[in-house]
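What follows are several structures.
In the two complexes below, chain A is the common chain; its partner is chain B in one and chain C in the other.
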Partner chain A sequence: MCVSKKTIFLFLITPLAVYIFFVISPLIMTFMYSFTDWDGVSTQFSFIGIRNFIELFKNSFFWNALSNNIKWLVMMITIPNLLGLFLASILNENVRGGLIFKVIFYLPTVLSYIVTGLLWSWVFEPNIGALNLFLRSVGLRKMVHAWLAEPSTVLFAIAVAAAWRQTGFSMVLYLAGLKGIPEEIVESARIDGAKGLTLFWKIIFPLLKSSTIVVITFSMIDSFTVFDIIFSMTQGGPYRCSEVLAVYLYKEAFWNYNAGYSCAVAVILFTIVLIITTVYMKFSLKGEET
Partner chain B sequence: MNRPWKQLLIYMVLVVLAVIFLLPLYGTFVMALKSNREILVRNIWLPPQHVTFSAFESAWTEAQLKKAFINSVLVTLPSVVGSIFISSLGAFAISRLKFKGGLAFYVFFVAGLFFPPHTFIVSLYKLFDWMHLYDTIYALIIVNTAFGIPVCTMVLSNYFKDIPFSIQEAALMDGAGYWHIYRRIILPLSKPVLGVLIIFQFTWIWNNFIWGLILTESRAIPIMLGLLNLKGQYFISWNVQAAGSVIAMLPVMFVFIAFQKYFIKGLTAGYGK
Partner chain C sequence: MRWCSKLLIGILVVIFAVSATCVEVVKVAHYWPSGGFGKVAMDRLIAAFEKKYPNIRVIEVTVEHEAYKTKIKSLITTKQTPDLFSYWAGARTQFLVDAGTLYPVDGLWMRESLDKVFPKSIIDAAVVYSGHHYMVPLGLHMVGFIYNKKVFEKYGLKEPKTWKEFLEVCEILKSNGVYPLVTGAKFRWPLQFFFDYLILRTAGPEFREALQAGKASYTDPRVVHAMELWKELLDKGYFMPGFSAWDWDEALRYLVNGQAAMYLMGDWAISTLKQDLKAVPGVDYDWFEFPAINPYVPKTMLGPIDGFIISAKAPNKKAAEKLFTFMASAEGQSIFNKYKGSNPCNIYAEVERDVVQQEEFEALQNAASFHFNYDLSTPPPVADVGLDSFVEFMHNPDNYMQILERLQKRAQELFKSGK
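Then we have the complex of A and B:
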């Protein structure tokens, strides 16, 4: 059966046109701007080769932002995913009221990061915030902090808020993974004497490999593109202690009028995500072959 | 012997975690129902002594969340329909019209899933400024539609390709054209996946913040930007901030509660196995 070229063209033309004009061409423009000294406002700019990139690698604010992304990544791979895995493994067995718990843990996932940030800034507020009130009431005055205003706690505090929103996502993915494990495997391991944590880490967890790969890949991509929650809670402060790459490049473009330089940061960000994606594709394609 | 103990322990852990998970939401709702005075003099985390909706009034009218809310409705609905409709055309070509290069188009569209949105902020700002669409809802509709194409194309192509080809061949025998097959056979058979996509696209676009931040400043601000502005304006009035948050999350909460099982199922249909 032969489909005419015209039919194919007619179906493809609209999505292609919209996608190329509003997604691909701005992407190309970003790469182009990254080689200019454009300020983002004036009509004139000149090409300056790779000077933005050289400047960027010398700039300590860039490295600061990148290292905050990496700290964020470590927290976001561990906290929500371990919690999600834990919840999934409990809720996978028939717990009474399991559905209600699933809904409660999944609920934050549908909220926007702006709402999430606002809600948690009340929890972390130093004077009447829930966390400090709680710590004072149980006599842990020493642990009271101005969570979002102290350099040592700020990134962790925001990560807790983000983890709250993210846990349900990994829980659901792990639940799906657990459903896919054949009952016989677990049973025969039990008969061989495996139980409790050994059973879980030696038998079940390795079988969840594909869920883990998906969960970790998404956490990695999310960690490098994180913006909304940090921007809404601290705007990167105090003293750039919570400034990540996306926040840094936004400020460079829209506050400091360094559009060209900002695009260079964007290109680096794009490349990092591209590398992660490529590795993921390799992994997941390998998984499908076997 | 140890079974009931274990059960009890598991329950306790679950309940403690559930309380921690619900605490910020609980706080929001109780704060939103309090007066300015009560916010200042009593512990804000206690239930309201006198329930009042004055904070909602302030947020809705004084803080102009009404405008932002309406903007978001006007942006979200056409963007959801637009992105799904446009993607369904491409997905149909990719998965139902067997032609060389179909896979290449698929990869081309789906690659967009992995583009960090912040890579685009300068060039999109410039593009819409040049088109004289800065600070209009059209800018937001276009961007949300265009950036919805990767995920919609991925989900729809994967769904379309599993519909038996025999139906299509029979229709072709009867002299039906491809538009007829798309419109009368494939789309009606895809209702479940279209439903899931509508729910997810609605949530994502409603919750989106970055496009509003770079493409609007006053007239066309969407709800999430309106909410952040409100936070700056009503810095001390947590009740107004809380009421604003409730207003901003209400549509997605409603959708979530109504379609809760699609959320938990649909997500796993989209990614991985």
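Then we have the complex of A and C:
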């Protein structure tokens, strides 16, 4: 049965309208407000040109937040994805109780970042938190820290919490990728003498390129837009040590009555994510085509 | 019988329609969610109001304290705005006034002669902004040292009256394995009380006012001296570590269990101490005001005033004004503060106070003046930078001069840009 273009268009109207209303129009409005001095509350505001953008690039808090985003990106591209890959490789074999382990490792993914943040805030509590209690009980008192209160450990501690949640997602994607690898290729490689790490890195991992592209793309976008887990655990503290761009722009908009400036930060954040993901996708997909 | 049933239904519909149109609805928003003394206080206040005005129904909208700070600012610009909402008197309310989001109540204030029931100092500080009346001050809180009485008794300690005595108390506690001071600075704001009182007790309230208005510098020797006094507490290890990991109420447990002895905090903590931690006033905990440092500087009291204001877009201003008036009355203030544990602002309101609250009240009466804490008396963008600076200082006290210089630079930029 042939479906006419008119019918297709009619079915697409509603989701398109929702997308334009909830995604495109706020995007355009954010862009417009970034050129104003709107405080987020008043009905009056003025057009101030690119003043917000000039102020932004001169503001050390912006660069601090951006550098935290980059640190976060590095941690979230490596930790959950490598762990996910490792778990997927093991669970892809016929491991006893494999299904149960898959469920256990995937379960944290169903929790929201807010719940994950609140849960791990208790794990990291300096006096009665599970982590420090464990370290004290095994004689590792020297490793006890106020994980969320010390500038040197805070961002890493939050990343551990986020990675705990995210690993299951990477694991599932890599499992799907591994299931898609033809068995004959792996068998041929084994016959030729490949085994262990050599088999994995030279044969299996290259064939997981599509899964790796998806996983890294998600990680990159998530890393630059991360907000809820950081806000729920530290609100970007202590003194901005864990503040990322999304938290910074939230505070500027809702704490400091600086909505126009906050929109400018949002525009820059959007541009950064767009450039990085476009370049990465182009680079990766080009490799796939060849 | 069919026509009888139809007649009956018709009469019922008419009665319902008439009664529905006679009931006015007023929506009030506040930051005291269920489970706390604040919510109980609001429930009692509203019940008394509805009894007095049976044709007005009050709908409560409650939001958690930290989330309220951001949510209410968006809400009052929309059609879903509450008619009345709770807010913090001082710079934050001034900001809303400047944004044109509040409804002035000059007419109501004159009609009800409210100038006669509130002290002038409270009217000037909490009610009037840009020459107009906006807020009904409902409850006044005070900041002082809440301390573990059993720990003090165990080591034979008395409430310190001077800075010298305070340091001696801290040293005795530390030598006995008790952290002298605890604070919960996860959301930064509790640290401002140290800055505020150290400035108030050394340089005085006029200088502090100038500092917060951008007319004095954060690198002024008076501010540097205050920071050095604060640094002394940190260098001697008097603060319990981990303060950035706890919210203000989470740190109270270390006070109650005796790991720490003193906590510079507002008397809203009494609700958590009594209800959640089952601490008994005068037995488990007590209170003393911040000790004197410079004997020539008058002793002042610090704290916030909780009040209610009417939104400029309030759908039912008439009913909102009635609730506003009730909140201003001796009856309303007595009911609210009885359950909340704060101090009424209406001079004719009466509340029962426990032994600790009575001590606080006497200190307030003897205070030379009352001032809002830093983040309520400083323009919000400057206060935000200030609060971050206090947290940074707590972690890196040796860098206090660089921190003050950076704070001054940023404050100057913000004042210059009109923010």
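Rule of thumb we're sticking to: the second predicted complex is superposed on the first by the 258 of 290 C-alpha atoms of A that agree within 3 Å, B and C clash if a C-alpha of one lies under 4 Å from a C-alpha of the other, contacts with A are read in each partner's own complex, and residues count from 1 in each chain.
We adopt the following convention: contacts are C-beta pairs under 8 Å (C-beta built on N, C-alpha and C of every residue); 3 or more make two chains touch, one makes a residue touch a chain.
Remember, predicted model here, so these are calculated numbers, not experimental data.
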{"item": "Which superposed partner A:C263 touches (first chain B, second chain C, both, neither)", "value": "first"}
{"item": "Chain B versus chain C as contact partner of A:N127, first or second or both or neither", "value": "second"}
{"item": "First, second, both or neither for A:Y239, with chain B first and chain C second", "value": "second"}
{"item": "Partner chain(s) touched by A:L135 [first = chain B, second = chain C, both, neither]", "value": "neither"}
{"item": "First, second, both or neither for A:K251, with chain B first and chain C second", "value": "second"}
{"item": "Chain B versus chain C as contact partner of A:L119, first or second or both or neither", "value": "first"}
{"item": "Partner chain in contact with A:I48 - chain B first, chain C second, else both or neither", "value": "neither"}
{"item": "Which of chain B and chain C A:T7 touches, first, second, both or neither", "value": "first"}
{"item": "Which superposed partner A:A149 touches (first chain B, second chain C, both, neither)", "value": "second"}
{"item": "Greater residue coverage of chain A in the superposed arrangement, chain B or chain C", "value": "B"}
{"item": "Common ground on chain A, meaning residues reached by chain C in one complex and by chain B in the other", "value": "40, 254"}
{"item": "Complex interface listing, chain C residues touching chain A", "value": "69-70, 73-74, 76-77, 95-96, 98-101, 185-188, 241-246, 254, 259, 380-381, 384, 388-389, 391-392, 395, 419"}
{"item": "Chain B residues touching chain A - in the complex, by the definition given at the top", "value": "10-11, 13-14, 17-18, 21-25, 27-28, 31, 43-45, 86-87, 89-90, 92-93, 97-99, 105, 109, 112, 114-127, 142-143, 145-147, 149-150, 153, 169, 172, 178, 182, 203, 206-210, 213-214, 224, 227-228, 231, 238, 241-242, 245, 248-249, 252-253, 255-256, 260, 263-264, 267-268, 271-273"}
{"item": "Complex contact set, residues of chain A against chain B", "value": "1, 3, 7-8, 11-12, 14-16, 18-19, 21-23, 25-27, 29-30, 33, 40, 87, 90, 95, 101-115, 118-120, 122-123, 128, 130, 133, 164, 167, 169, 172-173, 175-177, 180, 210-211, 213-214, 218, 221, 224-225, 227-228, 231-232, 245-246, 249-250, 253-254, 259, 262-263, 266-267, 269-270, 273-274, 277"}
{"item": "In the complex with chain C, residue positions of chain A that touch it", "value": "39-44, 121, 124-127, 146-151, 234-235, 237-240, 251, 254-258"}
